[in-house]
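Lettered A, B, C, D, E and F in written order, each chain numbered from 1.
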Amino acid sequence: MRTNDVMLQTATKVVTFIILMFAVHIFFAGHYTPGGGFVGGLLTASAIVLLMLAFDIPTIKKILPINYVVLTAVGLLIAIATASASIVFDVPFFTHAYDYFDLPLFGETSLHSALLFDIGVYLVVVGVTMTIIQTIGEDE
Amino acid sequence: MEIVMSVAIGLLFMAAVYLMLSKSLIRIIIGTGLLSHGAHLLLLTMGGLGGTAPPVVADGVSVSDYADPLPQALILTAIVISFAVTSFFLVLAYRAYQELGTDNMELLRGTEDYE
Amino acid sequence: MIMFYWIALMIVSFSFAGLLFRLVKGPTVADRVVALDAIGVTLVSIVALLSLIIETEFFLEVILLMSILSFIGTAAFAKFLERGEIFDRDPR
Amino acid sequence: MSLVFLIFIPILAALFIPLLFKRLGQIHTGWFVLLVPAALFLYYATRLPSVMEGGTYVSELSWIPSLDIAFVAYLDGLSLLFTLLITGIGALVVLYSIFYLDKHREQLHNFYVYLLIFMSAMLGVVQSDHLITLYLFWELTSISSFLLIAYWYTRDRSRFGALKSMMITVFGGLMMLGGFVLLSIMGGTYSIRELIAQAPELAQHDFFIWALVLVLLGAFTKSAQFPFYIWLPDAMEAPTPVSAYLHSATMVKAGIYLVARLTPVFALSEVWMWLVAGVGLFTMVWASFFALKQKDLKGILAFSTVSQLGLIMSLLGVAAAAYHVEGAADSYLKYAAFAAIFHLINHATFKGSLFMIAGIVDHETGTRDIRKLGGLMSLMPVSFTVALIGSLSMAGLPPFNGFLSKEMFLTAMLSLQEFNMFSMDVWWVLFPIIAWIGSVFTFIYSLYFVFHTFAGKHQPEELPKQAHEAPIGMLISPVFLAALVVLIFFIPNLIGDWLVKPAVAAIQPFLYDSPQNVDIHVSAWHGFNTELFMTLGIFAIGGLMFWTLRKWQHLYDLYPDAISLNRLYDEIMLLSDGGANRFSRIYMTGFIRSYLVYMFSFMTFIVLLTLFLNEAFQIDFSNLAPIGVYEIVILLALVGATLTILGAKSRLTAIIALGAVGYSVALLFVIFRAPDLALTQLVIETISVALFLLAFYHLPQISRKEERMKFRFGNALVALGVGVTMTLVALSAHSQKALPSISEFYKETVYSEAGGGNIVNVILVDYRGFDTLFEIAVLGIAGIGIITMIRLRLTKKEGQHENK
Amino acid sequence: MRNSWREGRFSIEILVDILIILLISTGVLFSAVTALGLIRLPDVYTRTHAASKSSTLGVLSILLGTFVHFWFNEGIFNTQMVIAIAFLFITQPVAGHLIGRAAYMTGIKVAEETVRDDMGPAIEKRKNNQQEELENE
Amino acid sequence: MSNLVLFPVVIPLIFAAILMLFPKKLHMQRAVAIAGVAATLASAFMLFSKVNSDGVQAVTLGSWPAPFGISMVSDMFSVLLVLSSTIVTLFVLFYSIPTIGVKREQSFYYPAVLFLMTGVNGAFTTGDIFNLFVFIEVLLMASYALIVHGGEKPQLRESIKYLLVNIISSALFVSAVAYLYSVTGTLNMADLAVKIPQIEAVGILTVIAVLFLVVFGFKAAIFPLYFWLPGSYFAPPMAILALFGALLTKVGVYAIMRTYTLFFTMNTGFTHELLAIIAILTILAGCVGALAYFDVKKIIIYNIIIAVGVILFGISQMNAAGVEGSIFYLVHDMLIKAALFLLVGILTVIFGTSDLRKMGGLIKSYPVFGWTFLVAAFGLAGIPPLSGFPGKLLIVQGGFEGTHFWGSLVILATSLLVLLSVVRIFIYAFWGEPVKIATIDRKHYLSMFVPTAILVALTVFLGAGAELFMPFISDAGEVLLNPSLYIDAVLKE
C-alpha cells in the first residue's frame, strides 16, 4: 500500500536547502576550521539522498540530470590537474600556491590552490556516493 | 588512557575476528566494519591522546597543546578508503545473494578441486 | 560553572545509557529506531555540553551535522520499516 | 675456426631443417643432416695429432660477463675423444636413420631438429670448461632426449618414458648445478681448469663433500647408475637410431665424462673414490643380473648398457684411488683409467652395432619380443654376423675388443689391494668378486641376446611381418662398427696412443704431464695370471648357466614388481598428483573460515612468539594521558554495542548496533580532539548504515543456522588470540616511543608556510595531498566497480570469447 | 566569571550565566524524562511520543544554552548553532511522525491500555479505496 | 627533484579518469586505453634512462622537506619493476581486446585496468609507508572491481573471499603503521631508515617488522597466508588473471623486499631467518598445489606461490648474489607468469575447458603455439639459457653463501617439480591423441597468440641477453644492499 509522504516532503524542501548551505559552508571553511571536501561532499550527497527518500528516484533524476560517473571523473581530473599544475612551474608535483588578498567585499581572504584540489575531492565524493546509492536504489 | 584504549581496541579486534569467522555473510561484513574501527582507533591511540586542543590553529594555544594532527589525517584517509571498500563489499554481498541464493559462507565454498 | 556542565553531562549520559538499554532490548525494530532517533538527539546534547567543557567552538559543526544525519537516518529507517525499501523506483 | 662456434653448428643447421623438409621433401632430409656430423668429425680428427702430443685448444665466447658466465670450449685429450665419438657415431646413426625412418610417414623435420640440438648439446657438455655452460648443455641434452623419446608422442609409453627420463636426469642436473655453485663459491671461479689447479685447497673446505655428492648425483642420474638407471629402459621407446646414439654411445656417457673430468678435483677425497667405484660396481652386477629378466631386445640392451656404464664408472673410481697411493704410476692402479676410457670406446662400437641390429630386427620382423623371435640366422645372415661379433665382444671373448678391456677391468679391480695395503681392511676383496659375478651375467645375457634372437626355432606365425634381411643402407653402419670391434682387438695400442692416453692424461694429470708418458701397453696375452683364470672361470660358469637358462629364467618372475625401483618412481609420480591432491584437499577446503583460522592463528602465533622471544613486551605508565570518566562511559557504550552485535539475532539489530559502535567512535574522536574525524565518521557511518539497509533488504535473518559449539569455541579462541596480540603490541609500542613525531613540523608551519589553519585539512590537501588524490581514486574505482557489478551480469557463456 | 562574583560586580554576565544554567537544566531534565519515558512506557507509540516531544525540547534548550554561552561569554555568534536549532525544530517532529506511522504500518500492536485507535479504520478505508481504484482500472 | 618519477603513476590515473567519461564508446575505449599504457611505458622508459644515468631519483611532493611531505623515489629496483609491470599490462591489454568480450569492455574494464596500473606503479615508487598503503588500496580496489567484473557466479563467490582477506590485511596494515609511527614518529621510509638504527628498543621494532611481514605476506601469498589465492584467482577471465598473477602478489613481494632491506635491518638474525624459513615453506606449499591439480589455471596459479617463495628466499640472504637474484627473478616472473597465463588462456579457448585431461594432441594443428608454450615452460622452470635461470642461479648461490644450504637445495629440487607441473600441461595438451576441438577463426587466434608470443620472446631475450640487463640488476641490488644511496637521494634532495 502506498502512503503519502506530505509531511516528509514538505520538511524536506526546507531542510535540503539548509543542508546544502551547510555543505557549502563546511567545504569552504575546511582550510581553517573543521571540514573540507570530504565532509562537504558527503553532506551534499546526503541532501540528495534525503530528496530521494522523500520523493523518488526518477523525479530526482529529472531535477538533477547528472551523470555521477562523469562527475567523479571530472572531479578526479580537476584534482590531478591542480596537483600537476606545479609541473609547469618546474617545482615538485603538488606544490600549492596561495596568497592573502584584501578583497573589497570579503575582507582579508586567502586564495589557495588547495581549494581547487578540494573541489576535485568534493566532486568525487558526491559523484561516487551518489553513484553507489543511485545504482543500488534503482536495481530491481 | 592509552592502556584502557588498547584494551578496548583489542576487544574490537576480537569481536571483529569472531564475527568474521562465522558463516553468515552479513556478520562477516559487520566484522570487517568493526575491524576498521579498531584499526582507526589504534592509529589515534598510537599517536598519543595527550593533546588538549583540536589541531586547528587558534590564538593563545601553544604548539604543544594541539593533538597530534598526523594520525588524524591518516585516519581520515583510512576512513574514506574503508568506506569505499565496505560499500563495495556490501554491494558484492547483495549481488552474490541475488545470484547464488545464499549468504551462508559454508554453501559458498566453491569447487576448489577439479578432480 | 564547569562543575555544573559536568553534572549536566552526567545526567545526559545516564539518559543516554537508558536509551541504549532500549536500543538493545527492542523488542520491536520500531522501538530500536525510536531509541536510535533519541540517541542521535541526545548525542547532539552531549557534544554541545562537551564543547562547553572543552571550551572550543570547533565541535559546533558536529552538532548541526549530527542533527542532519540523525534526521536522515531516522527517515531512512522509518521508510525501510514501512516499505522494506528506502527509495521509490517509480514516480508517484 | 673458433671452437665455440663449432659447438653451435648443429643447432644452426637445425634451423634450416624444417625448410629443407618442406621444400625438398622428395630427398630424405637425413642426407643433408649427415653432412653436419661427418664434416665435424673430419674437422676434429685433424686436431688429433697435436692433442696426442698433449696440446690443448681453448676458445671463449662470453655470454653474461657480469656473472662471469661464458661459453668456453676446451679441447684436450678427454674432450676430443668424446667429441669424436659424438660426431663419428652421430654420422653413422644419421646414416642408419635415413633407411630406418620413412621419409613420407615420419615427421623427419622434428626428428632431425631434435637430433641436431642434441648433438650441439653433447658437444657443449664435453667441451665446456665453464661449469655453468656445461650445465646449460647438460640440461639441453635432457630436453632433447625428452623430445626424441617422445617422438611418437601419441603413444602412452613414449610420453611416459620421455617424462621419466627428463624427470630423473633434470633432477640430477639440478643437483649438479648445486654442486657447481658450491665449487664456484669455494674456488671463486667457474672454470674447471682453474678449479683443478686449486684442488688441494678446495678439499679443505666445508662444502667440499657436499659439492662432491651433488655433482655425483648429476653424473649418476645421467649415466643411469643405481638407483637412477630406471629411466633408461623406458627411454627405449625412442626410435632405435636415437637409442643407439643417445642411450648407448653418447648421452649416457656424459655422466662418465663428468666423473672423469672432475676426478682431479674430487679424487682427493676418499669418499669420491668409494662412491664412484662402489655405485658403479653395484650397478654393473645389478643391471647385468636383471638384463636376463628382459623380454624386449632393446630392454636387454638397455640393462646391458646400464651394466657397462657401471663398469666404466667403477673403473673411474679405482682410477681415483691412484691419487691416494704413492708411486701409483708404477702400480697396477694406473690401468684403471686407461681401462675405463678404452672400454668406453669399445662399448660405443659394440653397443652401437647391437642397437642397430635390434632396430633392424624390429624393422624387419615387426617385433622386439625375444620370445617371439628365433631362427633368424638363416634369414638375416649379415645381421646375425654383426650381432654375434658385438655380443661376443660384450661378453669379453677374443678376438674382439671387449676381451681386452674386460681383462684390464679385472686387473684394475684386483689392483685395489695395493690401495688397501696401507689399511688393514680386506674390503677390497669384495670388488674383484663382485666384478667377476657381474662379468658372468654379462657373458650370459650377451649370449642370450644373440642366440635367442638368431638361433633356435623360427616362428613366422608369431611375427607381424615376413622376416628378411635388411636393405644394404641400413647395414652399413652396424657392419662398420662390427669391423671396428674386430680391428681394435688387433691394433689396441694404436687406439691407445691416439685416443686413450691423451684422455688418461687429463684424468690423472698429476701422474702424467703429457700423454706420451702414459706407460701402458695393451696386449691380448700377458701370461697365466689371476685375470686369465677369472676370465676362464667366466666362460665356464657362464656357458653352463646359459645352457640351463630356460630352467632357471622363470625364477625372475618371482621377483615382485611391487618393490622395484620402477614401482617406486611410479609411486612418487602418483603421489605427486594424486597424493598432492588428497593432501591439498585436506586444507584447501574452499571454506573461507578455515583459511581465516589458519591465517589468524599464524599471525597470532608468530607475532606473540616474536614479542616474547625478543623481550619486546613492556608497559610504561609514565607517559599516559589521564583517564577521564567520560571516555570510559563512551568506551562502555562501544563495548556494549559490540557485544550486542555478537549476540544479535536479527540483522537489523546488528546493523543498528554497528551504527552505535560507529557513533561511539565518532564521540571518541570528539573527546580526543579530532573534530574533522568526528564529522567524517558521523557522515560516513550514517551512509554506511543506509547502505547496509539497502543491500540487506533481501538477505535472510542471521541466526537460521546455528554454528556448531566446537566451531564457536574455536572461533572464540582465535578471536581472543588476535585481540590479545593487538593489545599487547599496542601497549609495548606505546611504552617504547623512542623519537618525537614529525607532526611538530606541521603544527609549526601550518599557518606561516601552508597558509591554512586546520592542520588536519592542510595535511590532507597539502602536506600529504598525494594520499588524498589516490584516496579519491579509490573512491572512484569503488564507484565504477559497484556500477559494473550491478549493471553487468554475464552468464558463463556470454563472458568468454564474445568476439568469436 | 567567578571573578565578577567575587568583585561584587553585578553585571550582565551573571544574568547570562543564570540564563545558561536555566536553559541547560531544562534541557537535561527533558533528556532524563526522555530516557525514563523510553524505558517505562508500554508500547512503541507512547515511546515515540516521549522521544519526539521531550527530546526535542531537551536538545533545543541545551543548544540554546550553549549558543548563549558562546555568544555572550566568548563573543562568538555561531550561525551554525542557530541553524541547528531551527533544523531540529523542523525535523524532530517529522521524524517522530515517520517512525510512528512506520511502526503502525508494519503491524506493531498498540499497548493494551490504549483507549482509542483512529488510524486503523482510516487505513482500512484507504486500502479499500486503492483496491477499488485498481479494480476500476 | 624530478617530477619524472611521478609520470608512470599519474599518467594512467589521468587516462583512467578520461576513460570513465565515455564507457560505451568501444573503439575510443580501446584506443585511449592503449594510448594510456603506451604513454606510461614511454614515461617509464624516460625515467629508466634518467635513473640509469643520474642515480636514484626522488621527489618530495609539495616542495616540503623530505620526511614531512610524501616522497616518491625511483631507484633502479623500482623503475625496473615499473617498467616490467607496464610492459605486462600493455600485452595483457592487447590480449584482452579479442578475449574479454564487448560487454565487459563497455563496463569500465579499461579504466579499472589503468587504475590497477596506477596502484601497482605507485606502490613500486612510493617512499612513504602510509602512502604505500594508499597505493595498495588503489590497486586492491581496482582488483576488486576486476575480479568480479562480469558478475559470473564463481566470480561473485570467490570475490567475497578475496575481499575479506584483503580487508583484513588492510586493517592490519593500518595497525602496523600505527605501531611503527608510535615508536619512530615518522612515516617516510628513508627517514625510518635513518631513525631505526638510533632506536634501542630493538625488540618492539622486530615485532613490528614481523607484523609487516604478515601484512605484506597476505598480499604476497606467503606460506600460511596464501590460502585465499588459488580459489580467488581461479574465477576471473584469463586476461584479468594474467594481470593479477603477474602484478598483484609482486607488490607484496616488493614491499617485503623494500622494507626488509631498507629499514627493518635491526635484527636480521631473527627477521631474515624467519623470512628464509617462511620462503622455503612457501615454495613447498606451492609445489604441493602445483602438482595436485589437473587444471591448467590451477597449475600456473600455484606456480605464482612457488615464485614468491624463491624470491623471498633470495632477499632473506641479504648478500649481493641473493638480492640480485631476487630482483632478476622478480622481473622474470612478472613477464613469464603473464605469458604463461595468456598461453593457458589460449588453451582454454581452444579446448573450451581448463581441465587437462580433456585435452590432447594439439601440436599437430598448432605447432608454433606448442613450441612457444614449451619454451615458456622451460623458462619458468629456470632451464638455461631462458630467463628463469640467471635469477635462480644467483639465488641459489646467495643461499649457499648465506649459510642456507638446505634452502638452496630445496629451491633446486623444487625447480624439478615446477618443470614437472608445466611440462605435464605440455604433454597432456599438445601430445597424445588429438581430441575434437572447435575450429577457431585464424584471425581470432592470431590476435590472441601474437601478443602472447611477443611476451614469450621477451622472456627469452631477458634470459639469453641477460648481460644486457645485469648492469641494471646489479645497480638495483646495490641500492637495496646499500640503503644510504636511497636515503641520501631522499633526504639530501
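The rule is simple: contacts are C-beta pairs under 8 Å (C-beta built on N, C-alpha and C of every residue); 3 or more make two chains touch, one makes a residue touch a chain.
Keep in mind that this is a model prediction, so the values were computed, not measured.
Any chain bridging chain C and chain F, meaning touching each of them, is among A, B, D; the list is complete. Chain F has its Cα centroid nearest to the centroid of all protein Cα atoms in the structure. Annotation: C-D is the more contact-rich of the chain pairs C-D and A-F, by number of C-beta pairs in contact.
Centre-to-centre spacing of chain B and chain D amounts to 49 Å, using the average Cα coordinate of each chain. Each chain gets one centre point, the mean of its Cα atoms, and the points for chain C and chain E are 11 Å apart.
Between chain A and chain B, the centres computed from C-alpha atoms are 25 Å apart.
Note: centroid distance chain E to chain F, computed from Cα atoms, is 58 Å. Each of the following residues of chain F touches two or more other chains: 13, 17, 20, 61-62, 69, 130, 134, 137, 141, 144-145, 148, 151, 153, 160, 164, 168, 172, 175, 178-179, 181-182, 187, 230-231, 292-294.
Counting partner chains per residue, chain E has residues 80, 83, 87, 91, 94, 98, 101, 105 touching two or more of them.
Multi-chain contact residues of chain C (touching two or more other chains): 16-17, 29, 33, 58-59, 61-62, 64-65, 68-69, 71-72, 75-77, 79, 82, 86.
Chain pairs recorded as touching, per the definition above, are A-B, A-C, A-D, A-E, A-F, B-C, B-D, B-F, C-D, C-E, D-F. Interface residues of chain A, counted against chain E in their complex, comprise 1-3, 7-8, 11, 14-15, 18, 21-22, 25. On the side of chain A, the complex with chain B involves touching residues 32-34, 38, 128, 132, 136. Every residue of chain B that touches chain F in the complex is listed here, in rising order: 20, 25, 28, 32, 35-36, 38-40, 42-43, 45-48, 70-71, 74, 77-78, 81-82, 84-85, 88-89, 92-93, 95-96, 99-100, 105, 108, 110, 112-115.
Chain E makes touch with chain A in their complex at residues 80, 83, 86-87, 90-91, 94, 97-98, 101, 105, 123, 126-127, 130. Interface of chain D with chain F (complex): residues 62-67, 69, 132, 135-136, 139, 143, 150, 153-154, 156, 159, 162-163, 166-167, 170-171, 174-175, 177-178, 181-182, 184-185, 207, 210, 576-577, 580-581, 583-585, 587-588, 590, 592, 594-596, 598-599, 602-603, 606-607, 610-611, 613-617, 726, 729-730, 732-734, 736-743, 745-746, 766-771, 774-775, 777-778, 780-782, 784-785, 787-789, 791-796, 798-804.
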